[in-house]
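Heads up, the next two complexes both have subunit A, just with different partners, subunit B and then subunit C.
So, the complex of A and B:
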């Protein structure tokens, strides 16, 4: 600790001389020092109580399945009232942020790069803001982890740092499985100060949330990491947790300090193994805003209906922070900040490093919107050839070789890119930030990743088709063999009949002997076979070509049978899909001990999916026939 | 693919290829100044000839390759290539040496491979190797430092000599001679010990007991330090190269001081510092992994020593660099750093 303090001091003295010395101040590799511009939005006091003309509440503000509306058009709702239930599986409910009337349930454009419209509930506020108290009906704090998780789910709490993963799904089902709770107050993206503001104004609630989680899940070590460019927040948090076990750690100001893997490496010295979740190694990380929402849910019975949002950017006169109701349109919040020029350019949700450029500026604040950024567009430098300078590799917090990944991604050599650990990339954008050739590196990796996923999906489909084809071939072969066997049996039967007929006239005994001399089951089989074959033979006799009977028959009965078969096939397919979806998303609902599926459950689900797939295949084959 | 340019990040640290190249050019100025002071104005004339050739070649090649001329010429990579080459050739060599060398370096070293970023070989060293093999006589006639020759050529004398081969009052031999590297090499071959050779008068004179060569090398060192400070080049190159060369020199000098020159001689004569900071640091043709850079640079250091002592040429930087350029894909492949969260 002493050497670290000395090092910090030394580097601080050196850094005006050699800025890159700052890289010695933290544990992870690489990282960049962008222009932070955080002071812009900290000049104005926090705004509260703004109620817009309309609130647009997307049914999906989180990872997983969209919520299901449970209000009618024209219905009056009160603040905190449940308006959309969580779907089964990984989902989160939506509550009314203020009182008012439901004026529409229709697709609206979401804050997403695609600009696609998705179902939203639109509320026209009545301005009264009349609320239901303790809507979550918490009379005594939850006593078991299950009840705690259920409450978090009911409150609609999702990770508010940006990913929007439903929080209940992150937590285990029993205490003692988590070693460290890391509270993420790093906020490493430029411009964004909403977490800073929240820590300054409501440190008690954050600490309360952390204590609740730590007590419920028996977490011995709780640490809160804050970048050292937020001295006021650090001071406030230190005071708030003075008489608790929680420690506040100052971490160096470097992007991407707030990344999950980076912050864990920094404060715990642990590397999250590639491809694993933090919970696998006994670590849970939560954003400070999420913890505050948990405190509200447990202590007041309040669901998540608002969040701190930074409204900032170089194109604004008065950037500010606001405790905004979910569903508040971006353009209204931007107008409050007095734009320097009309906003005729796309806004960015999030920070400049990992944010999303919006296709439409009239989109609502959702549970994951930490920042609305209005930066006037700058001329884009045309990318030049890579000169292999290695700046990107020096900046990569994962220690990848971005330049090599880029060559492979550009050449569509995705296998090579995967070998160079393409899927370990956290898409922080440091490589693009430092590239002197202005190559959109991280953008290439995103593209490559989606291509690889596409290729994998295609390969799976091809494999399925192959299996179907092979199964069909096998069935045709089996049918043929059966047919041949039947034919042979029939011939034998005819012969036998003939023989019997002749023998019957003389004596019955020899015929039985010949039958028994074949096989034990031969008489039974031949008897059944005989009846079928007789019927078939009669039918065949009526037709010209006996082998093509079935196809020739088809057109007559075709339309009805086909439709039925197709319907059945579709049903089976749907069932298969459902089973698969449950396998991938239903995990938290499972009553296994960890949030992840236990091996057994996975196997069960997989088996069910396989069964359903087989049924689908069968039905399909029948339609094909 | 258009969407690729509209997704994050929306910030940049304002670096650019142009800035990188100009940084290198700036860092070469101390050495250029020393060169002028010690060897006269020849290098200026050579530099202008080289730049003119580069502009012409770039224009023609870009036109032939159907590429936009302005953005590609203004990446300044050709400037760096010819600057490197100019420092390698004798200051008073005839004009067609630098012109053909620059043209060869740019055409065969860069454009035929697809332009900047795609060349497997260091263009400057390719051009230099071409000159060494094609015009061996011209390449060894190095201008003698002022102190030794007794006088120096004026700008116009240099100009006339380079362009028209004419010198009014003195034959070329009176102001040019073998470089110390080749002099020592020849001496050792003739049975004179390395130490005796280094006692020779023209290797001793100079300010503060440093020869003209020593001063130029120190000037390159100063420029190189600036490049490392500004992160234009990586420390692995000079450390690996000078370390390996120095270590080789130390080992062999310790074994037999008569046959092998001391460490200081190898580090301060010839193109050692030029190579360490300006030649082998060309990122395009060198290894990109941190460990790979060290191996690449050390490999060049070892080869330079080998060629200087046992090869056919007095200095082996060009060949050492080209040989290691070939090994770069292999080095890159086997020096992948450990990715976070993967096994050690």
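So, the complex of A and C:
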């Protein structure tokens, strides 16, 4: 402890001369020290109870599969009511954040870098905020890990730190598999203070959530890590867990301390191996907001319908924190903070380091939105050539080679980039932040990652197509062989028959003998051959007795009549159809009035066209002959 | 004497190695044509037949035998042509005009109101991506469709269209900062 104090002192004296001396204060590699601007949003008290005019709830606010809507247009819903249930597999349900009416289920622009629209449920609040109590029907706390996980799934809880991984999928199925629970209260991105505010205002609920998880899964060590630039939060959390097993650890203020792998390395001294999950080495990390949501679900039976959001930025007069309902549009929250100038620039979702500029500012708060940033655009410095200074490699918290990765990414040599562990990059932005040539390095890695993902998906599709084609070829070949075999068998049978017939003729004189031989052959012959024989027998019989021919011919004549009648009917039907078609083309008004008719007409027209084409083809073939 | 010994030794060695090689040729015989396999891997597997061969594999085999030109694969476009040329160590040939620009991926979509259930497209599909039965409405399994367009000409009522696949946030790609910077300049 003493050496630690001495080191801190030393670094303090050194840092004005050499700022990177601060890197001695923590265990992971790299890291940067941006200007934090956290005080901006802490000046205002926490806002609560704001209900916007419309709530837009995307069906996908998490990693995995989108939820499936289970309400109808125009339906009235109450607060906490389930409006979209989880799909099978990795998914999470969505609940109504307040009471109101479903006014639309349609694609709306998502808070995503792509700016694409995806299905959302839109609620118009009635302002009453009438809730269903204990909607998750929790009467006694869940007793088994399975029941606990099911409850977390039903509550729609996902990782609220940013990734949005459904929390239930993070937890093991039986107790005793997890050694450490690390509570992430680091919040290392500049400007963001929503976790700080949550720890200051509701520390007891966070601790309660952590205790529930620790008890259920038999986790012996629970550590809560908070960056030392949040003294009030540390104090509040210390008081809340005074009589529990949970320890509060102060960690150095450095970006990206809040990254999962970085924080584990700092707190436990364990480096998570490349390509492995933390659960594989017996560690679970949860964000403080996630733990609070778990406490709400278990103690009150409440699903996740709101979250703390920081509304901040240099373009705002009164930045603040708010306990916002999910689905609240960004632009409405920004308007509450009194912008210094009209917001005609794109807002940033997330912090300045990892956040993305939005294509549209009218997007909703989702389960993973921690910050809305309104920073007026600064003049962008044009990127220059890489000078191989190595600053980025010093700053990389994963110990990658950013300059090499950049080189391969810009040359589209994705295999090489993958060999340099492209997919271990956490896109923290430290390399772009320190680059003296202003190269948007992270953009290159993001692009390279999406290219590699596409190439992989394409390779899979290609392989699938190949297999399906080969299966089809094999099937066609098999069918053909079977047909050939059948044909050959038939030919052989006919030949045999012919041979037998000649034999029969030879042995025709003694009639009773033939009959006997026929009887002997009968079981050997196939049904078809027997039918042929029977027909022959009938013909012979007919020749023998000419009176009997009359009744035999009659049914044939009758069937001819029937066929003729059917032909006539078909002709009549076709004529009627044609007449109808002409009628409908004569009266285009009627057509427009009846949209169902137009489909019919289209089909008919297409049929006519097809007939004409077929006729033309025939004619062509004939002329070719 | 020593000259004779030398000759005998070398005769013996050549016999031994000859036998060894002969055995290895039989024992480690490679089934199929490895070059054709390699080329087949480079081809897009749309099975569209635009090269004039009844699928990607027959074209690969023809290429391996040196019977086909390298520039026939239209869906693969120029990148595929260059890869094949490099693999076969032949001069690259320019593509035909319509294949120089790579087409964005498309899939077939059957207009289900117009489909008459003739099963012609089902027979034409090289990857069995169309389901349906006689006089029943047919439909395309989107994720199996390779976009080969072989079902389009056989449809008697022209009810099949090629449509672009709409990107979702999962399939969306981050833009290339390099091309963005170049276009800005």
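Note that the second predicted complex is superposed on the first by the 455 of 625 C-alpha atoms of A that agree within 3 Å, B and C clash if a C-alpha of one lies under 4 Å from a C-alpha of the other, contacts with A are read in each partner's own complex, and residues count from 1 in each chain.
Methods note: a contact is a pair of C-beta atoms (placed from the backbone, for glycine too) under 8 Å apart; a residue touches a chain by one contact, two chains touch by 3 or more.
Bear in mind that the values here come from a model prediction, so they are computed numbers and not experimental data.
Trainee: Scan A:432 for contacts with subunit B and subunit C and give back first, second, both or neither.
Mentor: First partner only, subunit B.
Trainee: Would you sort A:9 into first (subunit B), second (subunit C), both or neither based on which partner it touches?
Mentor: In the superposed model, A:9 contacts neither subunit B nor subunit C.
Trainee: Who contacts more of subunit A, subunit B or subunit C?
Mentor: Touching more of subunit A: B.
Trainee: Pick one for A:113: touches subunit B only (first), subunit C only (second), both, or neither.
Mentor: Both: A:113 reaches subunit B and subunit C.
Trainee: Once chain A of both complexes is superposed, is A:60 in touch with subunit B (first), subunit C (second), both, or neither?
Mentor: Only subunit C; A:60 stays clear of subunit B.
Trainee: Let me test your reading of the model: by the given contact rule, A:401 touches which partner, first (subunit B), second (subunit C), both or neither?
Mentor: first
Trainee: Looking at A:410, would you say it contacts subunit B, subunit C, both, or neither? Reply first, second, both or neither.
Mentor: The second partner, subunit C, only.
Trainee: Using the touch definition from the top, say if A:447 reaches subunit B (first), subunit C (second), both or neither.
Mentor: In the superposed model, A:447 contacts both subunit B and subunit C.
Trainee: Touch check for A:466: first (subunit B), second (subunit C), both, or neither?
Mentor: Only subunit C is touched by A:466; subunit B is not.
Trainee: Mind sorting out which residues of subunit A both subunit B and subunit C touch, each in its own complex?
Mentor: 113, 382, 440, 443-444, 446-447
Trainee: If we count contacts the way the header does, which residues on subunit B are in touch with subunit A in the complex?
Mentor: Counting only subunit B, the residues touching subunit A are 1, 3-13, 15-17, 19-20, 71, 75, 77, 115-118, 229, 231, 234, 283-284, 286, 288-290, 293, 332, 336-342.
Trainee: Which bits of subunit A are touching subunit B when the two form their complex?
Mentor: Touch list, subunit A to subunit B: 18, 20, 28-29, 32, 34-35, 113, 190, 261, 265, 271-276, 348, 350, 352-357, 375, 380-382, 384-391, 393, 397-401, 403-404, 420-421, 424, 429, 432-438, 440, 442-444, 446-447.
Trainee: Touching residues of subunit A toward subunit C in the complex: what are they?
Mentor: 60, 110, 112-114, 116, 118, 382-383, 410, 440, 443-444, 446-447, 449-451, 454, 457, 461-466, 468-473, 599, 602-603, 606-607, 609-610, 613-614
Trainee: Any idea which subunit C residues touch subunit A in the complex?
Mentor: Those residues of subunit C that touch subunit A are 40, 44-47, 55-57, 113-114, 116, 126-129, 143-144, 146, 156-159, 167-169, 171-178, 181.
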